[in-house]
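In the two complexes below, chain A is the common chain; its partner is chain B in one and chain C in the other.
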Partner chain A sequence: RPAGRGMAAAAFERRVLRRAAEHHYLRVRLELPDGGARPSAAQFKQLVVTALRELHGEVGAALPVDVLTYEEKTLSAILRVISSGLVKLWSALTLLGFYQNRRCAFRVLQTSPFLLALSGNSRELVL
Partner chain B sequence: QNSFTVCFSVGYSAVALNHVIDFKEKKQEIVKPTSPSELFPSLPIVQGTSKRIKVLTRLTLIVSDPSHCNLLRSTSANIRLYDIIAVFPKTEKLFHIACTTLDVDLVCINVTEKLPFYFRRPPVNMAIDRGIYFELLYTPAIKDSTMRRYTISNAISLMQICKGKNIVISSAAERPLELRGPYDVANLGLLFGLSEGEAKAAVSTNCRAAMLHGETRKSACGVVYTVKKPRKVEEEETAVPACKKAKTQA
Partner chain C sequence: MVRFKNRYVLCEVVSEDPRCRQCIEDRALGLAVRDAIARVHGDYGLACCSISFTVKYLNAYTGTVLLRCRKDSYRLLCSALPFVRHLESRAQRYPCCLNTLHVGGTIRTCQKFLIQYNRTQLLRLLQNCTNEEERQCIQKSLLSCSLTEEQSQSGDEEEDDGTE
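Let's look at the complex of A and B:
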C-alpha cells in the first residue's frame, strides 16, 4: 500500500551508519625508565613513524597517523590511525625496543573506534 | 622480581618461571625448581578479579640428540615437580619424536634462526590430537631486527601447516621492559597469520589448556588425583553409622 506523500514531517530523524568507523584511537604510554631527556612531541611522532618503518617498511611509515595529544611529563599520548592500519600500528608499537639506544616499551592502555570512549578507563577505577 | 610487578600491572593472571636445560653440556642434572613461595612472600591480586596471580614452574629441555629424550622417559623425581614441561627440538627427527611420543606440554619453535627443517603435516596433526601446543616467543623480535624476520617467517610457515590451532605465544623476557600486555601479544598473533579469535586464544585459552595438560600428568588419566591424606579413618567410621541412623529415622 503506497504511503501517502503528504504525510506530516516526523519530529525526529534516525540515522543508521552501517559503515565501520573511519579512524581508530589509541591511548599509549611510552616507558623510558632511565632518567634521560624526554622526547618532545615532534620526536614522539618521529619515533612512531620509525617504529612503523622498522616493521612495515616505507608503506608502513606512510600510514596516516596523527598524534592528537601528547604529555611530556607522563609520556602518554592519544594517536589516531585509519582503521585499516590499526593492526600495523599496534604491532609496530608493540615490537619497538629502543629509542636512541635506550631501552623503552610502549604500553597501549586503551583503544577504541570512538574518541569519547578513551576518556573513561575501567581498569583505573578505584573501587 | 621487577618483571613480575610489571606483569601484575599489565594484566596477566598466571605466570610461569622457566628453567632451561641445555643438553650439549655434559653432566646436566635437573635441579629442583625453586618454589614460588620462596621468591615472593605475597602475590598481588589480578586486576579485575579477587584472585591472586598464579606462579608456575616450567622446564625447557633443549634436545639435539635422541639420547637426551631418555631423561623424559625415566621417571626422574625432579621432573615431576615442574608444572609444565617444554621441549625444544633441534632436528626434524626430534621434532617428530616430540610430537608423537614424548610426554611434554609444549614444543618450542625456534625463532632466533632459520629453521633447519620444514614442518610436515603428519607429526603436527598428531601433536594437535595429543593436546600438545606449539610455542612462539616474541621477545627476540623486540631486541633485534633480523630476529624479527626469523620470528615472522617461522611463525608463518608453522601457521600454514597447523592452520592456527594449538599455538601459544609467550615471552622469554629477562627484563620488565621486554614484557608486553596480553592484548598487544594477541595483536602480534594477527601479524603471524592467525585469525582474531585464534590470536586471542593463543594468549588465553590455549595457555590455560597447556597448564591443565601439565596438571594431568600428575594424575591418573586426568581424572583421579592422589593426595597424601593424614590418617583419619576412625572418624569416618563413626560418621557412617550416624548417617544410617538419620536415614532410618526419616
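Let's look at the complex of A and C:
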C-alpha cells in the first residue's frame, strides 16, 4: 500500500506473499545397509514413484516429481515436487522399506522452497 | 457437541448384463469399492476411507446403493467410485459402473432425494415405453403407490420396486 503523503516522498510498498513458491526441493540420501548393486538414475526415479504408488495409489504416482541431480556413488539426489504434493512425497519416502528385497531407508537432509538454499548446509559447517 | 459427521453417498449400479443383478450384494460391493480405493489412493486412502465405511442400503432390483463414510474422506471415496469396473461374487464377475446420484449428510436427506429421483425416473420410463403392455404395467404400479387411509398398510410414498 503506498504511503499517504505526496509525490515528493518515495512511495513505500510492502508485499507479503505466502506459500507463493510452486515447487519444493528436497535433498535426500538413500541408505542401503545391506550393500549390493546401486540403482541408476532411472531406477532411483522408479523407486520414488513406487513408494508414492504404495502409499498414495495411482493419484500419488501421478504426482509430478523430478530428480534434478543424482549421484550414484553417494546415492544422494535432489528432488523437486509441486508444493501441494510435498507431504505426500515426504511421507511416501519415509515409509519405503525395501528396494529389490533389500532393506533401504530414505534420509531427507534438507528441504526448501528455493533451490539455492540447498547449496549451503549449516549442519556440515566446519568451524 | 463434537460428534463424528458422516457422509452418505447414493449411487446406482449400471450394468448391461442382466445377470449382474443377482451379483449385487453388500459384501461384494463393499469389497469392490475398497479395492478401487486401494488402487487409486493407496494404503493411506484405504485406511482413511475404511474408518466408518459400510454399505448402508442396497436394492438389487433398482441397483440403488447407499454408502457411508466419514466426512473427512468422502472426496477420496467419490473420486474412486468411477474406477469400480466389475462386481465379483461366487466366482462370477460382471462388468458394471457406479453412477453417483447424491451425497448427503444423513440417511433422511438421501431418502428424500431417492423418492424424488424415482418419481422422475418412473415418469421417464413411461415416456420411453415402446410396448403397450409395459405401459399398462408401469401405469398400474404408478397408481398403486399412493397414500392410503387404511390402518393396516403403512402408506409410504416410496417407490414400488420391480418394474424396470
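Rule of thumb we're sticking to: the second predicted complex is superposed on the first by the 108 of 127 C-alpha atoms of A that agree within 3 Å, B and C clash if a C-alpha of one lies under 4 Å from a C-alpha of the other, contacts with A are read in each partner's own complex, and residues count from 1 in each chain.
FYI, contacts are C-beta pairs under 8 Å (C-beta built on N, C-alpha and C of every residue); 3 or more make two chains touch, one makes a residue touch a chain.
Small disclaimer: the values here were computed from a predicted structure and weren't measured.
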- Query: On chain A, which partner's contacts cover more residues, chain B's or chain C's?
  - Reply: B
- Message: With both complexes overlaid on chain A, does A:107 touch chain B (first), chain C (second), both or neither?
- Response: first
- Message: Output check: A:120 vs chain B and chain C. Expected answer is one of first, second, both, neither. What do you get?
- Response: neither
- Query: What is the contact status of A:97 with respect to chain B (first) and chain C (second): first, second, both, or neither?
  - Reply: first
- Task: Have a look at where A:53 lands relative to chain B and chain C in the superposition and call it first, second, both or neither.
- Result: second
- Answer with first, second, both or neither: which of chain B and chain C does A:87 touch in the superposed model? first
- Query: Is A:35 contacted by the first partner chain B, the second partner chain C, both or neither?
  - Reply: neither
- chain B and chain C footprints on chain A, overlapping residues: 54-55, 91
- In their shared complex, chain A is touched by residues of chain C numbered 37-45, 79
- Over in the complex, which chain A residues touch chain C? Could you list them? 52-60, 91
- Note on the structure: The chain A residues in contact with chain B across the complex are 31, 33, 54-55, 87, 90-91, 93-97, 103-105, 107-108, 111, 123
- Message: Looking at the complex, which residues from chain B come into contact with chain A?
- Response: 10-11, 47-48, 138, 141-143, 145, 148, 175, 177-181, 183-185, 187-188, 190-191
